[in-house]
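In the two assemblies presented below, subunit A is common to both, partnered first by subunit B and then by subunit C.
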Partner chain A sequence: MSEQTVTRTLDLAERFPGAVTPDERPGYEGYLVQPGRLLEVTTALRDELGFDYLSSVTGVDYLPEGKMEVVYHLYQSVGGSALVLKAQIPRDDPRAPSLVPVFPGAELQEREAYDLLGIRFEGHPDLRRILMWEGFEGHPLRKDWREPYYEEDAKPFKSRWPEGHVWRAEDKNPFHKNVSYPAGFNPETWVPEGDAALYAALGKVEQRGASTTMKTDQVIVNLGPQHPSTHGVFRMVVTLDGETVVALKPVMGYLHRNHEKIGERNTYLQNMPFTDRLDYFCSMSNNFGYALAVEKLMGVKPPERCEYIRVIMAELTRIVNHLLAIGFLLNDLGAYFTPLIYAFEERELILDVFEAVSGSRMMCNYFRFGGVARDFPEGVLERVRDLVYERLPRKIDELDLYLTNNDIIRMRAEGVGVLRPEQAIALSAVGPVLRGSGVPYDVRRADPYSIYERFDFDVAVRYHGDVYDRYLIRLDEIRQSLRILQQAVRDIPDGPIQEGKPQYQVRVPAGEAYGRVEGPKGELGYYVISNGKPNPWRYHVRAPSFINLTTLEPMALGNKIADVVIILGSIDIVLGEVDR
Partner chain B sequence: MDAGLILEWVIKSLLMVFGLLGAFAYLTLYERKALARIQARVGPNRAGPGGWLQPIADAVKLIFKEELIPSSAFRLVFILAPVITVVPALIILAVVPFGPDVILFGRRISMSVADVNVGVLYIMAIASISVYGIVLAGWSSNNKYAMLGGIRSSAQMISYELALGMAFIGPVLLAGSMSLMDIVEAQRKVWFVVYQPVGAFVFWIATLAEVNRAPFDMPEAEQELTAGYHTEYSGLKFSLFFMAEYIKMIAVSAIAATLFFGGFRGPFVDALPWMGPIYFFVKVVVLLFGMIWVRATLPRIRYDRLMSFGWKILFPLGLLNVFITAVGIVLADTFRYAIWLIPVASLSAFWAVAWLARGSVGTGEASQVRRRLSFND
Partner chain C sequence: MSDELNSPQYDVPPEMQGQIAITTLDKIYNWSRRSSVWPMFFGLACCAIEMIATATSRFDIARFGMEVMRPSPRQTDLLLVSGTVTKKMIPQIVRLYNQMPEPKYVVAMGACASGGGPFKEGYNVVSGIDNYIPVDVYIPGCPPTPQALLHGLITLQKKIDKQTLKTARWYDKESEAAIPVPVFGPDIMDPRDYEAIKLHAQEKLQAELNIPSPEVEQG
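Take a look at the complex of A and B:
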């Protein structure tokens, strides 16, 4: 591992003299790239060294040093560890070249970095705000941006209990004090001009079928934000020609709460329950990724039994998520709740296990740095054993039997919403969407973490890339998860579940770390930067649902409006994670 | 025409309308309970013992809900549309006999509101009217979803009406009359579903489309069009649409029972006339369960495939069935058992069409698309 890094250092610095230098700050890894030569370097990396998969793009505001940094995590789609590139740009004029021409998957992430940090990506086709509303003033992730009711930079607040009595910031701080509006802005009379920009982004679509004599008008329809099939408050602006979709733009941010900014004020441990709220169906996986990132910084390793418990929980979560994904997909197809409720029945049994170990069914808050919160109570492991050996395999076969060969499902889902493998890689698709398109990329195998190397399982792949395959692959993955679970409950050793003493306040040395897990929806990454203080300097979540949405537009174009709904269902998004 | 006859009509019409309204209320409960059982749930069980007062609670809720009319809607049409939808649903059953004639107060009273001699034609005509309500509702709401729903429904209902008409012709030919009473009497020995299995099948599918039930509930496809043509409706006006849909369900089940399942005919009806309505009721309930069952188990078909299914499979199948029936009846005049040629020939035609269709619509086509798509070749 370290040897590889050394050789690569030499290679890159030699290959791009003057453009690339190793990042030598203590605790940091990767390379610094001259912003002006970023496109050249990444194109060469993609074409010559096979780093064809841009996983994460984010920015960091180094306020004391007066600079900003754009951080890129690149991977080879054949597997392997990350290549981290950083472009340092001046803070007062943050401009970086857009990577969209090389990696189209960077589109939404660059918009996010622009929105939250104000980094202008030159050459980006559609650089608008994405999570914040259009009239928002400022860029909230900048360190000098203060939110309304601002108290202090870090939690817990020192001033909350000055003389033993409590007050709330809201009482002291009248509403308008910290809210800044652009000059001449009146929120009462404001009309969103973002909508105009949005409709302009849809573009003038060429009249299709010009040879026919019948002239048809195109209609712009807003699917959402209040719509039964958007799985939350998500909006798709589509241009329809008849019932055929000719242009589509996703609009998100309705659930935005600036997770990352709050994460920077929280202490490291306070963030753990906070990650539960990202993808609220899979809190265990969210915990896992965050724990890995912070453990990497701290340099601790959880004990053996804890690793097994973590794997068991993560795989049970995957089963929960995929059951729901299949159920909701069927719902989107118009099956009136029946498959969904049968899927829910199994999910409840798994949630019983979560409740037994963590005390909560959905917001588990179960992982700790170097361990987990509690061991299995008596009898619970037996219940898991019973589930994974007896009940779940039977029920999955039942789902398979009733759904997979249903004529209407095949008619609706086969050949619809096709994503080709090279497209999927270029668009940074992850998880079942990527594997359903024939790319066998699974973080558990490609860049193993925890103890996944020990288990015998296959990376499920399907080769058609349509909605039907994305349904099938979820069934396949449930079966593979069951295989892992069967091995895990068989081999789980006795022992402690926590490395050292459980701590409320952890000491995290300065540096950066990127922890990633194969979450049920795809690669879930946490990019954490510590400066040695009790709160992270930067806490970034690479959310799989969010980045998978890049694939929505290419998949939906040319399909019927009914298909768009199932295509969105087959991506399987959770808005808590998309909007953060 | 004496005063007694008019009084009889008024009483029968009132009984019919109020009976249908009550039946509508309890059909919703029946559907929710049945769906719940199929979905491993309990269903409504809060209002009243075992949830039996749920429809009343629903009605109270719907009546007191705020009625909104969008500012840019065409007010007159917007208000008229639910009425246009619900009235045909209420009057369509006027020609369906619920039992044999009875002698009451010295009068011979037939158990249908009006036993007209062109009953089948009447049903066809009335059934076509309700599409206007839906289209107008969709158009007058000035809402894109509603518009799409309205357009879908007009296309869908017109397409499936043809197949429905073809399915009507079978029983009419067999009975030699368009009066529903005569059709019921003609099924004294054998139900027409035995002679007309394909006709009954076509009728069943076409009615599902006609009353916008799953898997043909395009016009109100929740997942795509939020609520389709009634997106903008609320309160009582919404409940009129709701009512129309469920009353139409009852109506088509009653018509199906009359045309293909012997109507009120059953053992001992001649001796005990009051058994007639009971048989009829049981048949309707069973047919209604069929609709609910389909809704609970099947996903929705996509709109364009629905159209191609209606035009390329259902309509030709109905035509073939009419042709075979006519030939069978002519042959039966000379050879007594030639009547059995009808089910045999029509069933073979059914399998032939199903086999031929595999390549053009449905799974066959999708699989071909998929085969072309596969990345590993």
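Take a look at the complex of A and C:
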């Protein structure tokens, strides 16, 4: 691989003279691109060099240098390692060209960078705030922006019990609440912006695609944020022509818990329990990705036994997630709660394993940098063995038998919400959504991490790209996970579970790292920048559910409103991860 | 059943025992209410998953008569605030609460709903749902286990048992006014606080005008 990278270096700097220079800061990789020529460079990369998959777009605020940086991670959809591009822009007027014309999958991510960092993407079709509401004061991820409960720039904070007197954050705030307002602000003359911009964005879409043969009124319908089928506090606004969807906009941020702002104040290890709460079905996989990113920066490698433990945990998590995804999808299809209860029965058994090893059912907080928190207690390995050899294969077959050939499921799901492979790649879809559309891209195979090369398993792929295939692929993946688990349980060696001594305060050299794993919902990436201090300078989560939502609109258009619910169910989103 | 309901002051003749019960209106009213609490089918975050787990076979919330979850607030008695309450979501939650018919109860499930939890310092996080709506039971945990949730619900049942028709707020002549729905401003604004916001923003402006402090930016 390294040879290829070298040739690529030469190619890129030579191919675009004056536009691309290697990033030579210590600990950094990739290239700096002139913002003005970004579109030209990325188009050529996509069409000539095969970097057709834009994984992550994010911004970094380099306050001391007075500049901002937009960071792009590009991949080839045939596999291989990342190409990192960066565009540096002045901090007082941050403008960058939008990549949506080249990679439509950048849409939501650019909106997020605009919302949280104030970077204006020129040429973006619909640049609005995405996580906060229109009218919110400031761009929270800027380093000089302070939240109402601001205490200090970095943890650990000073004592909240100085000289034996307890104080709470509420006591320091004039409203005794988590709010602050700009000077001279008058609430009585304030006019809230409301949803005008949102509906205007819908209107634009409507003129493009509406049929005009019959004079019918179009209706705008809001689904959510409180709706039983939106899997949490997700909201979508649809324009209906009769019952057919002609425009759709996802609205999110109702569970925006400020992971990244809190994460940049936290120390490295303090972020581990926060990653649990991103995708709260799969805390183990979330831990995995974050541990990989920081280990890359630290240059440590966990010992053999630990790697096996990690794989066992991540694959059990995948089974839990896919079982629930199937259960909730069936819920949306009208099989109210019964299949879900079957899925939860197996989940409880796996959660018992998690509880035994980590002490918590859902929020495991189990991984450490260079290891895991503790070894398996007695009897756990036997329990896992029993699950993966005996119980789970039988139960998966049972689910398969009851559901797969059910007439109602086939009629509702086949041919609905089709996503073509080239569309899936362009929209940066990941995980089962991408593989259900016929693209056999799995990070475990495409860019192997940990010890996945050792295991014998197939990358599950289905070719129709409809809701039914996205259901089937989850069953396939559970079976492949069981294969991996059977090998891991068989081969797991004895030995230490932590490289070096366990540390609360890790020393992380300056630099950047992007750690990614194939989480149950797709590629989960962590982009971490260290400046050598105990806290990360930038901590960004590339969340699969969030970016998969870009595919919702193209899949839903032209379908009936009742089908939109199952299309959303087949994407399998978790709001903790969508909104972070 | 009859044991639970019988008032000990009255002796039931032996031949009728087990067939009739003499009780007070309060008792039978509370008994029927607390045995059929309908929670709202409304999940916010991580805790919602444990709430669903509580409804499944291992824990079985139906033992307490609470398995009927309704997505419409107008058919529910209990608002289970299961997860982090964000500023973007709080107007919806207040609105849902206002739409619930009396008698209604609120359970703050988990650390976030009770006081902001691990995300308390976040700029978009409300530090406790009780800043806006009254809470009956707080359940600690992150997330609370299903057992903890069941314990919280049993606590709520005990609370219902102690209420009496005489002082119930929903039979008051002056029924409580709806809680004003917060407004999206530069930050979330509670209409009840408008005066204080105005006053404080003016003071802030004065302070800035009098002492033009240089914006010290920390790196």
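Simple rule for what comes next: the second predicted complex is superposed on the first by the 544 of 580 C-alpha atoms of A that agree within 3 Å, B and C clash if a C-alpha of one lies under 4 Å from a C-alpha of the other, contacts with A are read in each partner's own complex, and residues count from 1 in each chain.
Heads up, the rule we're going with is that a residue touches a chain if its C-beta (ideal position, glycine included) is under 8 Å from a C-beta of that chain, and two chains touch if they have at least 3 such contacts.
It should be emphasised that the depicted structure is a prediction, and the values quoted were computed from it without experimental measurement.
S.K.: Under the stated touch criterion, which partner chain does A:E147 make contact with: subunit B (first), subunit C (second), both, or neither?
M.R.: A:E147 contacts subunit C only, not subunit B.
S.K.: Of subunit B and subunit C, which one contacts the greater number of residues in subunit A?
M.R.: Residues of subunit A touched, subunit B against subunit C: more for C.
S.K.: Looking at A:I451 after the superposition, I want to know if it touches subunit B, subunit C, both of them or none. Which is it: first, second, both, neither?
M.R.: A:I451: touches no partner chain.
S.K.: Based on the superposed arrangement, let me know which partner A:V380 touches: subunit B (first), subunit C (second), both, or neither?
M.R.: A:V380 contacts neither subunit B nor subunit C.
S.K.: Applying the document's definition of touch, where does A:L39 land relative to subunit B and subunit C: first, second, both, or neither?
M.R.: Touch status of A:L39: no partner.
S.K.: Is A:V221 contacted by the first partner subunit B, the second partner subunit C, both or neither?
M.R.: After superposition on chain A, A:V221 lies in contact with subunit B alone.
S.K.: Touching A:A510 in the superposition: subunit B (first), subunit C (second), both, neither?
M.R.: In the superposition, A:A510 contacts neither subunit B nor subunit C.
S.K.: Please work out whether A:I341 is in contact with subunit B alone, subunit C alone, both, or neither, and reply first, second, both or neither.
M.R.: In the superposition, A:I341 contacts both subunit B and subunit C.
S.K.: Check whether A:V300 is in contact with subunit B, with subunit C, with both or with neither, and answer first, second, both or neither.
M.R.: After superposition on chain A, A:V300 lies in contact with neither partner.
S.K.: Pick out the shared contact residues on subunit A: the ones touching subunit B in one complex and subunit C in the other.
M.R.: 227-228, 341, 345
S.K.: Can you list the subunit C residues touching subunit A in their complex?
M.R.: Contacts found on subunit C: 41-46, 48-50, 52-53, 56-58, 71, 83-84, 86-89, 92, 96, 116, 118-127, 131, 142-143, 145, 183-190, 193-194, 196-198, 200-202, 204-205, 207-208, 217-219.
S.K.: Which residues of subunit A touch subunit C once you look at their complex with the stated criterion?
M.R.: Within the complex, subunit A touches subunit C at residues 63-64, 131-137, 140, 143-144, 147-149, 151, 153, 169-170, 174-175, 177-188, 190, 192-193, 225-228, 232-233, 253-258, 261-262, 265, 273-274, 277, 280-281, 340-341, 344-345, 347-348, 361-363, 575-576.
S.K.: Which residues of subunit B touch subunit A once you look at their complex with the stated criterion?
M.R.: Against subunit A, subunit B makes touches at 35, 38-41, 144-145, 148, 214-215, 217, 221-226, 295-305, 362-363, 366-367, 369-370, 373-376.
S.K.: Contact residues on subunit A for subunit B in the complex?
M.R.: So the residues of subunit A in touch with subunit B come to 219, 221, 227-229, 243, 330-338, 341-342, 345, 406-412, 414-415, 418, 420-421, 437-438, 463-466, 468, 560-563, 565.
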